[in-house]
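Two complexes are shown next, each including chain A; its partner changes from chain B in the first to chain C in the second.
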Partner chain A sequence: MAAVIPLAPRRSRARRVVHALLIAAALSFLLLFLLLPLAAVFVEALRKGVGVYLAAVVDPEAIAAIKLTLLVAAIAVPLNTVFGVAAAWAMTRFEFRGKAVLGALIDLPFSVSPVVSGLIYVLLFGAQGWFGPWLEKYDIKLIFAVPGLVLATVFVTLPFVARELIPLMQSQGSDEEEAARVLGASGWQTFFRVTLPNIRWALLYGVLLCNARAMGEFGAVSVVSGHIRGLTNTMPLHVEILYNDYNYAGAFAVASLLAFLALVTLGFKTFLEWRYGAELAARAPRGH
Partner chain B sequence: MTIAINHLSRRFTDFRALDDVSLSIAPGEFVALLGPSGSGKTTLLRILAGLDFPDAGELVRDGRDLLQVSARDRDVGLVFQHYALFRHMTVFENVAFGLRVRPRARRPSKAEIADRVDKLLKRVQLDGMAQRYPSQLSGGQRQRVALARALATEPELLLLDEPFGALDAQVRVALRRWLRHLHEEMRLTTVFVTHDQEEALELADRVVVMSQGRIEQVGTPDEVYQQPATPFVFEFIGKSNKLPVRIQNGRVVAGDQRIEAEGLEGMADGSAVAYVRPEHLAFTPAALESGWRATLRHVYLAGSVAHLELDIPTLGQTLEAELGGEEAQRRALQAGMSVTVQPRHLTIFPLAGNSGEPDITRRRVVHPRYGQAALARWR
Partner chain C sequence: MARRVLPGFGLSLGYTLAYLGLIVLLPLAALAVKASGLGLGGLWDTLTSAQVLAALRLSFGAALLSAVINAVVGLLVAWVLVRYTFPGRRLFDALVDLPFALPTAVAGIALTTLYAPKGWLGAWLVPLGVKIAFTPLGVLVAMIFVGFPFVVRTVQPVLESLDRDIEEAATMLGASRLQTFTRVLFPLLLPALLTGFALALARAVGEYGSVIFIAGNIPLKSEILPLVIVKQLEQHKYSDAAAVGVIMLALSFLLLLAISLLQRWTQRWTER
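So, the complex of A and B:
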């Protein structure tokens, strides 16, 4: 016994050191690459005083960019929510030919560079694109206009909701839905009373991620926007323009707004995780 | 409310789940679908529920083609193996679900629903649990909630898929007795799926033994156990010894024995396979003319029953015999003893000439005649 007792603390001391080192490494990495730049955004934004900051934010072009960003997100996020739920449903509840292809397609926007995604739309709907002449004939303007921004944003943010739901719905199985059906529930009743409550937190989480990306998207949107000030400039594009105009304070002011939106989303997400976690713990199976 | 299942077949991509299955279920009957996994029993249950559809065949209830009726409208109560309770609803909400989703014209009032749910929860002995969530219940309680939920819509047919499969042995036995009492009270036509023969034999009025998508035998628990119709049923239900034998000049030739037997009349000569239950082997320490000489290799005393392993050199095989535990102790059975063994019944399936498979249409149950040397029945 005497020989055994001192061994245990020695090993755990070594382990504690390793733990501390790992945690320190992770934290300093976070500090250096995430927190420092984030803080820099706010510091730079306020460097020339609150007056300059406010002026940059209430500038008509900035207001237009904010409105446009919110508009694009307000269209793209609901579309992808509906699509994501439908795709997750199809992927987890039905067996059909081409299921693997659908799965790969859902992931496509993750694997394609956003710039390429934007270019695809220019090639399809631009003046020289495949459908360009046809669109021109009917006087429909997609590229360098708001619809193009929405299309590009929808493309880039398409996987978020579906990817969040598919693993959850797979693990939950379809027993509860079948039970509802046998009990006489219609398809919609089954969806709203059984499926949706079971996936609500994951769905909300997916929607938040989708929204964060929709508001922050730069690459694809940049290609299809045309950068018309006050018309087709979203917030990220507006930041770039201000920066290129050497208006650093203005650029950082708008950037700080974007960062603030992201922080709000993050805070909301953390709150949900906390709630979700509490609920899961309260209803955890008792091990039967 | 007779249900007629006629020539149902169901194929999955490379697997025949049901192969020409026909069965008739009488009103108020308690039927067990018994078989190993992959035997098609669950597929049959899902077709009855309307959750799966056959490729061929009919399903008729009181002259009505059920295959044209969706799961919603079949008036069926279904209890899943893993309960499938709605996890975000309380026990009360779970049980009330089937009533609440009815179209307004057929939906009972709130008070009526509450009343009916209360009665059902009393019936399944869960009163006081109405506001709990499924995760706060034990397995047996969840299963009873699932049952109450299935009964709430007053179905004409109750279907249970491995209802006790996920429960501990003790809870399982208690719950199945309780279910049998409930059935005797309600007389609701019930079909349940199980792979547990004990459960099927104890609970059901009629047992349907299935294997590889086909029905092997339909009968009362007693018939299925005492008179298995096929080699599969012999091997699946209870224990059995399988002996390769030959039929020659009206006798069963097995090892060094040429057994004369009642019931062999007119049987053609040829190879056959014989089955005998462990409890149908009689033995004695005396050396007799008729009967195999055997060495008792092991005695396993399992509570009230002793399982014996008998090495029979002339058969080249070890047979299993059974004896009451007290009986075994009284006779001071010991490993290494020499004994004489006589089968009291044999079920014989001649092997078909072309395939070499047991021919179930020529099955015979024969009773050996041992003359004066016969051993007394030892049980």
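So, the complex of A and C:
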């Protein structure tokens, strides 16, 4: 799609050279800064052979970490999906005061450092925290335990689904839903038969991004986990432990699973954008 | 209001508020209260300690520099992806989002391995005297990685929506290609570019996972602000951790405010 303005051939040759240089500069940055680290993950993982790789992946601690990661995501993602739909419904179907503040509040977790996201739950539920003594009395452990991991993950992934749905539902408007109501559909019927089909691809898109972040979150869960091996280690935390133990092959083997998840997410995301671009439209420039 | 034809206002808004209250507001309140427990004097002492000041300087300085670099490179990449066709363009376009999708710990160990003295890139750079892994430069490299997609993804849609007529008009009126870019296109792209810059900056300031592996974490030299919080927590200095957390949160709020103002500006700009 090189610039289409017709010009004298003498200048267009110089322009082609400039184009080639710009393309080369941009692509070399992408290759060197983005693709090379990704390639390094897989090469390092397989450096000591497939046997070592498989052994690292089926190691009981690695399996426990994989299970815990799946469990945390299986709780956090549905919670934030329901929240995202409810928030988008409230934000786009009704007018009320303080809407802008509510919107900013929904986006807030994206701009909070992961470490601060973990810290706030330690200060709330940790031994020294607000509810610490009360929780201790009833022998409930939230911090350095699975519920803490879930809470921190819910916090960092909270905006994903809402952020996809709000601009889309805003631009779609509520005419179709109002028509359904006038024709006698109940509220839930309207939602399931009219709204949901209209937003399904954007919803899936949001869930996909939410899930990728939930499984890959490191900073926030690292603060609340207490790093108890086999008990509160998610996959990213397990990668850290192996790496700090100088078990590089093991660390990169588990990391390669996460990198694979990232690739699948990217592939699926690109497919959705390509196939259902129009139905995902009206997306604001996104954060994470 | 005519909009209330639809049901579920109380349910959806009530659920949204309750959820946000429990997950976001209550924990943030706990942070503020814990930090205020130090009193103004104690807060000041914590924040002006050598460790916190050094970390603040590194975190903010490196983040600022990384955002500047990402603004320049991001603009270039967005331009190339929108304006030129070349084989594999779609793949490169998808690759831009990699830092969003790749877990930060994975990025961290991969970058460290690449830039370590014996790594693929380190083996070339270290003999030249460029030490990246385990120095503040490593912090910069990791921050460039995690913040990269923001500028591309904010500039790209604006660039796509620009009317080619403007450029043709500029050319007809005798402007050179470079003049057309600097005088006509760049001002139109500026709001989006600044938004992307601010988003990348916000992300880089708070980044933890990808940085701690490559930084080496030498106290007063290559220790980032989030790591200071982690260390204070390990020493059970909860109030100090909360104080640093409040500062980081204040920085995020400022950037968030700047971003929303910029986005309003961008919208006005593109709707014209």
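Observations
The rule is short, and it goes like this: the second predicted complex is superposed on the first by the 253 of 288 C-alpha atoms of A that agree within 3 Å, B and C clash if a C-alpha of one lies under 4 Å from a C-alpha of the other, contacts with A are read in each partner's own complex, and residues count from 1 in each chain.
The rule we apply is simple: a residue touches a chain if its C-beta (ideal position, glycine included) is under 8 Å from a C-beta of that chain, and two chains touch if they have at least 3 such contacts.
Keep in mind that this is a model prediction, so the values were computed, not measured.
Within the superposed three-chain model, A:T270 lies in touch with chain C and out of touch with chain B [touch as defined at top]. In the superposition on chain A, contact is made by A:E176 with chain B only, not with chain C. In the superposition on chain A, A:A251 contacts chain C only, with no contact to chain B. In the superposition on chain A, A:V194 makes contact with chain B only, while chain C stays out of contact range.
In the superposed model, A:K48 lies in contact with neither chain B nor chain C. By the touch criterion defined above, A:G184 reaches chain B but does not reach chain C. The larger set of touched chain A residues comes from C, when the choice is between chain B and chain C. 178, 181-182, 284-286, 288 are the residues of chain A that lie in the contact sets of both chain B and chain C, per the superposition on chain A.
Interface of chain A with chain C (complex): residues 1-5, 7, 15, 19, 22-23, 25-27, 29-30, 33-38, 40-41, 44, 83, 86-87, 89-91, 93-96, 102, 104-109, 111-116, 119-124, 126, 128-130, 151, 154-155, 158, 174, 177-178, 181-182, 187, 190-191, 209, 212, 215-219, 222-223, 235-237, 239-240, 243, 248, 251-252, 255, 258-259, 262-263, 265-267, 269-270, 274, 284-288.
Across the complex, chain A is touched by residues 49-51, 71-74, 76-78, 80, 82, 84-88, 97-98, 101-102, 133, 135-139, 142, 149-150, 152-153, 166-167 of chain B. Listed in rising order, the residues of chain A touching chain B in the complex are 175-176, 178-186, 189, 193-194, 197-198, 283-286, 288.
Interface residues of chain C facing chain A in the complex, by the touch rule stated above, are 1, 3-9, 11-13, 15-17, 19-20, 23-28, 30-31, 33-34, 73, 76-77, 79-81, 83-86, 90, 92-107, 109-111, 113-114, 119-121, 144-145, 148, 150, 153-154, 157, 164, 167-168, 171, 177, 192, 195-196, 199, 202-203, 205-209, 213, 225-227, 229-230, 233, 236, 238, 241-242, 245, 248-249, 252-253, 255-256, 259-260, 263.
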